Structure formats: C-alpha cells, structure tokens
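See the structures that follow.
Both complexes below contain subunit A, partnered by subunit B and then by subunit C.
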Partner chain A sequence: MAVTVATHERPPFWRNATVLKWAAQLVLVAFLAIVILTLRAQAATNIEDRGITFGTKWLDDPPLISIREGIDLQPDSGARALYAGIVNTLRVSISGILAATILGTIIGVARLSHNWIVNKIATVYIETIRNIPLLVQILFWLAVIQIFPALDEDSVGESLFLVTAKGVSIPWLFPAGGFYQWLVFLIIGAVVAGFVYFRLSRLKEERGGETYAFWWSVVAFVAIAVIGWFIHPVMAFWGPIFDGISSFFGAIPRVLVQILLAAVAVLAGTLWIRRFLESMRTPAGLAKLTDDDWFRMIFVGLMALIGAALFVFLPGISQTILNMVEAFFNFLGAKFSGESVAPLTYTTPAVELRGTGGFAQLSDQALVITPGFFALWVGVTLYTAAFIAEIVRGGILAVNKGQSEAGLAVGLTRAQLLRFVVLPQAFRIVLPPIGNQYLNLFKNTSLGIAVAFPDIVQVGQTIYNQTGQTFPVVILWMAFFLTGSLVLSSIVNYFNRRLKLVER
Partner chain B sequence: MIKRLAVLLAVLAMVAAACGGSSESEDTTSTTAATTDDTTATTAASDDGGGDAGQAAEGGTLAAVQQRGTLKCGVSGSLPGFSETQPDGTAIGFDADYCRAIAAAVLGDANAVEFRPLTAAERFDVLKAGEIDVLVRNTTYTQSRDASGEGGVNIDFAPTTYYDGQQLMGLSSRFSADSGPADVDGAILCTNAGTTTEKNITEWAKIGGATIGLETVEQFPEALEKFIAGQCDLVTTDGSGLVANKVTKEREGEIQPGEWVVFPTAPISKEPLGPAFRQNDSEWGDIITWVVYATIIADEKGVTSANIDEQKDVDPEATRLFGGEGEVQTAMGLNADAFYQMVKQVGNYDEIFARNLNPLDIFREGTLNAPFNEGGMIYAPPAR
Partner chain C sequence: MQIENAKDIIVCDGVKKWFGDFQALKGVTTTIKEQEVVVVIGPSGSGKSTLIRCINRLEAHQEGSIVVDGIELTNDLRNIEKIRSEVGMVFQQFNLFPHLTVMDNITLAPMWVRKKPRDEAEETGMELLERVGIPEQANKYPGQLSGGQQQRVAIARALAMRPKIMLFDEPTSALDPEMIKEVLDVMKELALSGMTMIVVTHEMGFAREVADRVLFFDYGTIVEDGTPEHFFTNPQHDRTKLFLSQIL
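On to the complex of A and B.
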C-alpha cells in the first residue's frame, strides 16, 4: 500500500489569487478609462454638432453687467464678476453657518427642556421649519420683506434699525484706518490670555483652590486690547516688513517655485509611503504586505508624480500662487501706515437721497442687508438650525444616562451638569453630522437665484447668457462648490480627529 | 482562502459582464451616446429631447417635426400680448400665433403646437440642445447671438416680426415721458437676467453718467412685483412689454390710469424681435423665414383669414403663395397648400398684430411696425 504525500505546489496562474486580484484591478481601470474616453469623444462631437462653443476669452472680456451688491458692482472682466459672486456666496455661507450653529444649539437644548412651554416652542419650530421646502421658505421671507414700507423723501433720516422694502439696515462696527495695527494687539492679547489660562489652570491642579483662570485670561485680553486701542500706531513698523516680504516674493523666479512645489509633491508621496512601510514593521521584520497595501502605495506614488508633473508643465499654477502671496503681503504692508485713527467706526442706519435723481436709498454707512440677502440668509439659517437642533438633541440623548445621574448625585445644578458633563461628551458625537449640515447650507446658498441674490450661480448665469459659454461657467460652478465643500469637510474632520476618544 | 477566491471570481465575473455590456452598447452608439451627452451638455434635457436631437442632427428639424406631428415651440409664457400661458398649457399672443403659423404651414394644423415656456436665461441652451424646434420668445436679433465663434451664442434668426426698443417705467409722480439718465441717477432698477436689456441699461447709464443699482430676476413679472413693492425705483425692458404690463395692471384696477409712465419716448436701444432657430439647418430656417414673409405678403395683398378663399387666386404673387399649384412651397419641402392653411387658420401679419396687441393699446400706425408703404419697416421680398 503506497502512501501518497501531498506536496505543496504553486497553483496555476488562473487560480492564483494574487494574479486574479491584480488582473481584476487592471481590467477595472482599463474599463473605466475606455468608458470615460468614449463619453468624452462622443460629447465632443455632439457639442460641435450643436454649435456649442467652449472658450475662456469671456473671463477677460468686460461683461457689461451690474451686480446689485458685493465687492464690485460694475466688474470689468468676467472673472472679476464671478469673483464678486463667489464673495457673496461666502458671505451668506459663513454668516449663515455661525448663526445656524448658535440658534440650532439653543433650540436643541430647549427641545429637551423640562419647561413645557420652552419645550413645545422648540418642537413646533423644528417640525414646522424642517417639513417645508427651503425654496418655499426663502420665497416666503422675500414676500415678508416686501410688506415693509417702501422708501420715499419723507423717510430720510437716521434711526437705530431700519426694516424697509429696500432691505434691512442695522448699526455696525466697520474696520477703519488703524484696524490692522490694532489687530496685532488683539493677537498678542489672545496669546497672552492663553498663556495666563494655561498657567493658572496648572496652578489650580497643583495647589488646589480656585484660581479663576478663565476670568484672569479675559482680563488680560481686554487689558491688552484697550491699551492697543490707544497706542496702535506703534505697530507701524510692520508695514516695511510686510512690504519687504512682498517684494521678496515678487523677486523669486517662477522656475524656482515650480521646482520647489514639484519637489514637495514628490517628497510628500515618498514620505507617505515610507511612513506606511514603517507602520507595517513588526519586531520580526516587515509584515507581509497584502495586495491592497501595494495598490495603495502605487496609487499614492502615482498621485505624487501627477502632482509634480502638473507643477512642472503648468507654470501658471506657480505664477498664480506667487502673485497671490505677493499681493497679500503688499495689501498688509499698505495697512500699516502708522496713522492714528480709531481702529473701528460705529455707524447707525440712515436713509439718504442718492444721485441727481434724488432716490431715497438705505445709506451704505451702516450695514445694509438687501432683500435678496435677507431672504436667503434667514431662509438657510432657520432651515439648517432646525436640523442642527435635532442633531444636538440626539447627541445629548446619546450621552449615557448614568452620566447625568452621577452628575446630579454629586450636587451639580442642571446648568453645571450640561456645561461640564453632558455637552462636552455630546459635542464629540454631534460634530460629524453637524459638519454635513454646514455642507448643506453652503450648497443651498445657490437657491439665492430665486430671490435675485447675486451669488456665483446668478452671476454665472447672466454671464453665460451674454456669451453663450454655458459649459465653462457650469464647470467653474462645480469646481467652486466642490472645492468649498472639501475645504469645509476637511476643517470639520480635523476637529473631529482632535476630539474623538483615543483608543489604544 | 477558498471563500476569498470565490468572492474574487464573483467580482471578476461582474467586471466581465460589465465589459460585455459595454461592447454591446457600443454597437448602438447613436442612441446611448445622444442620451448620455444630453445629460452632460444641458441641465434639464429629458430622454425625449435627446432622441429628438439625434433625429435633428441626422434628418434636419423639418423631418423630425413632420415625423413627430407636433411643433415644439419655445415661448415666454409670461409676457402679456406676446405669449401668455393658458390653463390648458397652450399660449396666446403675438409670439404664440407665430408658433401656430409655423405649425399650420409645416403640419397643416395650427393647433399641433407644444408650447414650452422658457426663461430668458435658459432659452438658447434649450434651443441648441434640440429640446425645442423654434424659439419665438421676444428674442432680440444681435450680432453676438448670430456669431458662431468663441463668445458667440451661435444661433440663427428669421426676419424681424416686431421692431421694439428698450424703455424704462417709473411712477409718473417722479418721471415724465422725456426723463433722461440724470433723472435716473441713484436709482435701483429691476430687470430680468440674461437679456440684452441688462447690457443696454448698463451702457446707457454709463454714457449718461448715471450711477444705478441693477437687480436682475429670473422672469419679468418678478421685476414688476419688486417695482410695485418699492424694492426698485424703476423697471426696464422692451417698450412693448412695459406698455402691455402697464395697460394690463390699469385694466385690472391695480393702479390708477397714468400712475406709471414709460420713458424715454425715443427708446434707448434697437430691439428687433423675431423667431430663432438652430444654426446650420438651412432647410428649416428657410421655412421659418418664409412663414414670416408669407404673413407680411398676405397683409400687403389684403389676403386675410376671412377672405382667403376668394382672394387666393386674384393677385399673381398671392396666387404663387396661397393658391395655384404651390410649386415653390413643395420645393421648400412643405405641402402645396402650406401658406393657405397658415393664413386660413392663423391670419396675416396685421390680423396677428391687431388680435394680440391692439387690446393693449399697442398699434402699428406711425411706428416701425407699420407696412413699408406706410412708412414702417414691415417688408417682405417677393414670392416667385
């Protein structure tokens, strides 16, 4: 009776898992490439058949349009007009995000209140707002502002608040001549305050007893701010420094920047791969790399090379970066003139007669909120706040009930319980979903087109109607919203990583 | 291990299936590609529109319209006198009647029109994407819209049907018929976005040294609403649109007669309005051009929808268009009785004008829209 011994043989290649896995990846990449190329070619022919042109000249040409509000009312190029639209979009988004966060948190906590009336008001708010489409709400707010009185000669004069059919005007603090010089003091104040807080907290832990770390840091900040208010011209010496930096960047040859950026791209790729390999190292030597690990390393390497190639072959990118840095420091340099004017000016709303036609308009001296901005801003803020409120409520409820019971047992008041025990833990839970709401708010600002708010979408639409360049404008819109959303989510992700529980 | 391998094989099988699918679909490129491209090139292209675009590219718009049996006509839908959408989805007005005239000439049925209300901002893209066959939406004929290079809108225009000019409208307590840029300095104006109006007013204010704020809305009725609410001090658009809206509001009793005034008397721009169609489709373009001319010739020869049966064989030129053998019509790819049907069902230029615009106090006499032999600009080349 012969005994057969199974010998270990390499399987044939069509049964070799590694070969199959790689083949599948390559087939998929090739398939995707073919699909994209086919669609592209087909789109190109169809676009030509229909006489749709694709160009960039409109970016430089004067668009001959007027923009109702923003940094440039009569832009002299298409690019400038779009930029004014972008700034308007960002104005609504950023102010909306701040307001929605505060309002949403308050409503979310109110929703859990033991006070019946507060609780019901919050419930009604949430259920009303989030069950009505946002567009309808924005149109509603526009209709609301149209009810307010129109302006005429009789309304000329100042007052504390003005709500009219031509917009809302509120008192405001505007940065004036000495603002940037004072800003340096504010930054110093913030640093000092942080240091004071840190030291006093340490002291409290070491010796026990209350050191009032928070209040002392506030005192330090306010004191430096107040002193800075009066002596801010001493910061004028920054002006020449910034001018110097600006001319330094102006003198750097573009080629150098190109090489530098390409090198950074390659270096970043290499470092990532090295760190990845390091993390695979075990006491017994390098762990066996799976196929996925290889894919990942090849992908990162490729990306780094593509990035480097872009910097090398598209000198425009490096030139733009150089120009922007130069312009930024040039701008800063001009702000540090040593003038002894108040850093901020306080203004109150007024109605003035404008032009030879003598039209009653809201004066630009105070903050003027146009009907379009008002409707859009109130709409997206209230809408997003309702969702944030639900997220906050969910986050609070997700904190283990035992935590609250323990807090109450050690004698904390409800406010203290919320402040020291529940909210810090809830914050960690709610951050990612709130980040999503920020993204929604940012994207929803494009609804401003319904109320004639000149955001990037509205301005872009006007431009492509004048020039016929629909395609390039739409691509720019998409690029803008994609970039904005990615930046926003990477900020949220950064805080999320810092806050999450570190598990070992 | 075996489990992983099985998963892998499954994935591979799926990829293979997908590849197989793609090679199949490559055989039917024309249909899939047209649909795919529509989704990329235009924002709101339906599959329906994509299919038609494919036909249009191959057999021309005329063949596509005849095969479909209806004419897709882009109109404003919200401009009194020119095109106003009705509850049943059709439209009435001067522009809407030109849609009917084209349908009557091409299909023999003036009611075979599918009206598509469009905003000023979207109209050219919808036309170029092939979702409509012709655009009759008080559209101004300009050089840049005609141009086919970079920076041009790249469409073609039929002869002008209505000579218009841009004007402003404000409260009569503040403005008179001869107000100028100096009276407008410091005002906020409302108009609809994506129109020549926006360029004209910006230029006019610049030259006149007036600083204005311009608020642009999607549709003109919104601009009017903002004007009524006091959000803007003035509205501006084509004179006909202003007068039509003013008269409508006066009739409805929303404002006192004479509460609003349209100015300046000499319009600030030339706005020749006419039908527009896709570039590089001469067959279709000729038909629309001659539909417009045929209404004008019918008016010139005194042929109306009421008397066409008696009048069609009296004048030799009218006979060639409306009666006889209709050789010229068949040479254009139309039925021999195409223009007979058109006048019979819709009417001549004067009928279309009088029916839609006279009720709004807009008349032909003394304007550019009078016949050429009465000092106007309405003129057609001879039919022979």
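On to the complex of A and C.
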C-alpha cells in the first residue's frame, strides 16, 4: 500500500485554519469599522441639522454648575467638574470596597457559626439584601436618613456627633500645614517597620523561639510617627528639591518627550517580539514558526508603530504628561515650608447658617456625610457584602475538612490552623469571585444619580444637559468605567496568578 | 512477648461515642503498651476509625475515659494540644497541605508548635524524607507527587513532631495497588524501630507480619483481641470467622 502523507506541505490558504481564523477577525474588524463610520457620518449630519457641534471646547469652558460635595464645589472648567465627579466616584468605590470586604467576611463566617442566633441573623441579612434590587435599597436608605431631625436656626452649635436629615457629621482628622513633612516620617516609619519585621522573622527562623516580629514592627512605626510629629520641620529640605525637580520637568522640551515616548512604544514592541522568538528557541535551533506566530508578531509590531505614531502626531499627550509631572512636584515643593504646624487638625461637627437665606447647614469643618453619599455608600456596601458573605462561606467550606484535621493532628492551635492552612487556601478560592464583586460595586456606584450624589455620571449628565455634548460625555463615562474596571481586574488577576496551586 | 513489661501508654475505659442517634462506640475498653503495634480490623462502619480519631480528639468521646501518656483527654484545650503534638496521625486521603512544598509541609508544625529554628527543622525534615525514601522531592508540591509518595510525605510530616504514638487511619486504602507496598514498607520499618502504632487497615498481610496484637471490631465493640496467630488461625467468635471467610 502506498499512502503518501505530506506532513510538511503548507495547505492552500482557503484550507489553512490559521489564515482563516485571522482573516475572519480582520473581516469582522473591517465590518465594525464601516458600520461605526457610517453611523458616525449619519449622526454628524443629523446633529449638524440641529446646530450642535461635538468637540472638546466644553472641557475648557466654565460650567454653570455647582457640585454638592467633593474636592471642588465651584469648578472653573468642564474637565475640572468631571474630575471632581471622578474623585467622588472613587471615594464611594474605595471606601465601599473596604467596608463590604470586612462586613462580608464577618457575615460569611457568622453564617457558618454554630451559634443559632448569629447564624440566623446572617442568613436573614443575606436573603433579604440580595433579593431586593439595589436601586430600591439606595432609595430606602435615603428615606431612612430623612427620618432624622431636620435642621433649623435653633440647632446651630457644636456637638460630638450629628445625625440629621441633612446628613451625618462625625469628628475627623484633616491633613494640615505640616502633613506632608510628617508624611515623610510615616514613610520612613513604614520602611523601618518592614525592616524590623523582616529581621525578626528571619531571627525566629534561624534561632527558633518567638520574636514577636509583628508587635515590634508596630512599636517601631508608632515610635517614628510620634517623634516625627514633633520634629517634622526638619524635612523642609525636601521643598527646594521638589521645586528643582519641578523646574527640571518644566524645562524639558516637549519634542524630547514625544521622541522618548515613541521610542518606548517601539522598544516595547521589539522587546515583545524578541522575547516571543526567544521562547520559540529550542536546543535544536529556532522552532518552525506557524502562520499564527507570524500574525501575532505582525499584530504586536503594528500596535507598537501605531502607538509611536500617536505620540509623534498628537503632541498634546506629551504636553499633558509633562504639565502634570511639573505641577505635581510644584505642589509637593510648596508643602515643605519648614514651618512647625500640626500635621493633622482635629475637628468636631457643627451646624452653621449659610447661603443667602441663612439656612442651617452642617459645617464643613468636620467630616460631613451627605444624604446622597450615605444612601449610595450604605446601599452598595450592604448589597455587595451580602454577595461577598456567600463567597466567603463557600470558600471556607471548600477547604477540605481533612486539611483542618491534618493541621490539628500535628498540634497546631486554632489560630495557627487558620493562618497557615485554612485561610491561604480559602483566599485562593474566593479571590476571583470577590474581584468580580469589587467590579460590580464600582459599576453600581453609577446608581448614585438616583439620590443626586455628584459622581462622574451625575456631573456629566448635568454638563450635557447644558451643553448638548451628549456623545463626548458618554464616551468619557464609558472610558472611565472601562479603565477603572480593567485596572481593578488586572490587580485581582495578578494576585490570582501568584497564588495559583502548583500541580503536575 | 518482649513488651509485656512495658508501660501502658493508651488506656481506654468504656469509651462510648454517638453520632446523633447512631452509636459508633459501645464501650471500648483496651490498653496499649509502649512499642506495641496494634492492627485494628473490622467491617466498614464498625467504629475502628472513630476509636483512633478519639485518641487524638479529632472526635470527642461522650462517656468513659481515654488516657494518653498519663494525660486524660477532656475539654481542656491545653491537654488536647499537648496530646496532639505527641500523637502523629496519617490519614486515608493523605491531607497534605497543597499550597506548601513537601519540605514546608513537614517543617510547619516543628517550627510553629515546637518553635524550632528553620535550619534544624529542615535538617530533621530531610532525614525523615530520606527515611521514607523520597529526599529528592523536598521542594516539589504535593500535587506533583504520586499517591504513594504523598502518603510517605504524610508519614514524614507526622514523624517530624517526634511523636510517641503513631495512628494510621486506613493509610493504603486510597492508593493504587502498586503503591501500597512502598507505604507498607515504610510502616514496617517504623514498627521495627520500636514506635507505638495503631493501624486501621484492610491489609491482612501487614497484620499477620507486623502486628503484635490484632483487634477485631464490629458494631462499635471489640469482638476479638489477640495475637495475629490467634486471630488468623484460631478465632473464637463466629463473627470473626465469618469476616475472615469473606476476605481470605
């Protein structure tokens, strides 16, 4: 029997799976591009008929809005207003993620408790919260805060806690004049504490016994923080250094940065291709590259070139980066005055008369939690915590009972068992789904619009109601949430990869 | 027998244990001497695993008393931790910690319970790995080893605490046939070195060859108690005879 099998012959391209796969993707991309361009052209004509032109001028123009809370209540440009909205979104997201993680873990553990009451409370909490729409819950919390006493002229004055229909105010520590000089001490303290912890842990491993590494590192940090509190003006010498760095960046010509960034883009592409080729190298020489490998390299190369071209032809990008770095160091430089001012100021809540009509308001001197922030924050935190609780419960249950038995059988205490055996394994199981919940919380903060919380969505909507710039604003929204979500998920993925179990 | 004059190391007196309505142990009374190798045999569900799990208090007995090395097992956590560090246990499913290397599995308890320096713990760990025949696997993870190798690591992990007593809960039941021998060889060597051992197993060959005493369990009580010779050639009870006729 003579059967010829030509294994190394390249198939004609219409039967080549790799070529077809890439061709299909290219066709799809081209098709999408045509659709989008057509729609855009169509939209442009329609909008022009109505006398609106989309552009970026609104980013510079002063908006006719005031923002209820945040870093800038009277922003002088559209961009600044959106930035204030972004900061508000991040405030709710980050504090919500922290609180939901802590609460969710507690509730999740409580649901595994043998204590009947604790167990039932946790169950009722989870079943109630996760079966009611989040928007309804946010509105509920807004209604709750309105039951609290209203403010009038009689309530003017100070007190330790204020819970009113206009929000909650609690005592707070705010960074003051000496804060940045003190911050240097805190950073030094953290580094020293890390060093102490590392050394004492090593000592424990080398000599045995107990060295209380954690407690000593805490002592070191607190000691340096306390000393720094009193002698923080000695850090004043950083001021001129930061000023110098600032003027250095101010002096760099924009063209240089453009060339540099373009070079970095090209270099990154080249490096990727070189590493890719390196991974293809076998002891017998370079492995034969498949069509797929070629397409991947061409794709990366193209992306690098496009990136470089962007930096070259859009000088604005480089200029913005330069300006930001310059402004940042300039800002830092001004904070190192050498004056001895307390780094933090302690403030207590107060009610004051404000505005043209002299309405009673919560004073900004202490931390004010507005009804909008309260409703949104409590809403997303409780909601996400319920889901995190279920994930935590599942994670702990998923660690085999045999693991605990094995740990106990070698004489570990309950605490050691949790620290060395159960938690490291449970953490690995719960990390990906908890990361998902973080993403959900971040995206759900956009519901703040229902309670007039000035996040990026609410501010953006106000802006386009005034300027008619719907599309640019919506695109900025989407870009913001997409970027934020991608950053969050890449952080989670990073830890997930690091914690992966080694199997055969 | 040379161990007749040895001191009692485990004394069980009328041990009873219920799981809900089901009574797993119905008053077990037995004494195990130092250096004795006791093999526990019996049909599944007869309470043999429950007994050895009560001896290091992975299960709490409800009536009767268990005294291990002069310490009675009660709810006193300090006694329990002390006894657990004196009693090593090997499980049917190995129960190695999958996120730690073989060496870290072995050194975890010596370093954190016995507060040994890492160098010393690793030296002991290496000696034990050589004893169980797999020193070259020290830096691998459990998931990268075969079942027989994993069970040998589990034995080394238990030995690392320098226990006075070793409990084996069906150590070969989850292994492929060709791996059973490598684990039994390690256990044989351990028995010959004078370790006090209680082994729950279905390996009759091991019982015949290595055991000083065989306990036959059924329905939560000890039915037959004697030397392997007595047990395999001249059993006294019908239940034992029936069991032997089914498995031999």
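Details
The rule is simple: the second predicted complex is superposed on the first by the 435 of 504 C-alpha atoms of A that agree within 3 Å, B and C clash if a C-alpha of one lies under 4 Å from a C-alpha of the other, contacts with A are read in each partner's own complex, and residues count from 1 in each chain.
Everything below uses one rule, namely that a contact is a pair of C-beta atoms (placed from the backbone, for glycine too) under 8 Å apart; a residue touches a chain by one contact, two chains touch by 3 or more.
Because the structure is a prediction, the values reported are computed rather than measured.
Shared-chain residue A:490: touches no atom of subunit B or subunit C. Once the two complexes are overlaid on the shared chain, A:128 sits clear of subunit B and of subunit C alike. Look at A:410: by the touch rule set out above, it reaches subunit C but stays clear of subunit B.
Using the contact criterion defined above for the overlaid structures, shared-chain residue A:210 touches subunit C, although it does not reach subunit B.
When both complexes are overlaid on chain A, the residue A:115 reaches neither subunit B nor subunit C. Of the two partners subunit B and subunit C, more subunit A residues are in touch with B. Touch criterion not met for A:290: it reaches neither subunit B nor subunit C.
By the touch criterion defined above, A:428 reaches subunit C but does not reach subunit B. In the overlay built on the shared chain, the residue A:68 is in contact with subunit B alone; subunit C does not reach it. Listed in rising order, the residues of subunit A touching subunit C in the complex are 204-210, 400, 402-403, 405-413, 416, 420-421, 424-425, 428, 501-504. Chain contact summary for the complex, subunit B toward subunit A: residues 1, 4-5, 8-9, 11-12, 15-16, 18-19, 22, 26, 29, 33-34, 36-37, 40-41, 43, 53, 57, 120-121, 124-125, 128-130, 144-145, 148-155, 182-188, 193-195, 198-199, 202-203, 210-218, 222, 225-226, 229-231, 233, 278-280. Subunit A contributes residues 15, 17, 20-21, 23-24, 27-28, 31, 34-35, 38-39, 42-43, 46-47, 49-55, 57-58, 61, 64-68, 73-74, 146-147, 149-151, 164-166, 353-359, 361, 371-372, 449-450, 452, 454, 458, 461-462, 465-471, 474 to its touches with subunit B in the complex. On the side of subunit C, the complex with subunit A involves touching residues 56, 58, 81, 84-85, 87-89, 91, 93, 95-99, 108-109, 111-113, 115-120, 140-141, 143-144, 154, 157-158, 160-161.
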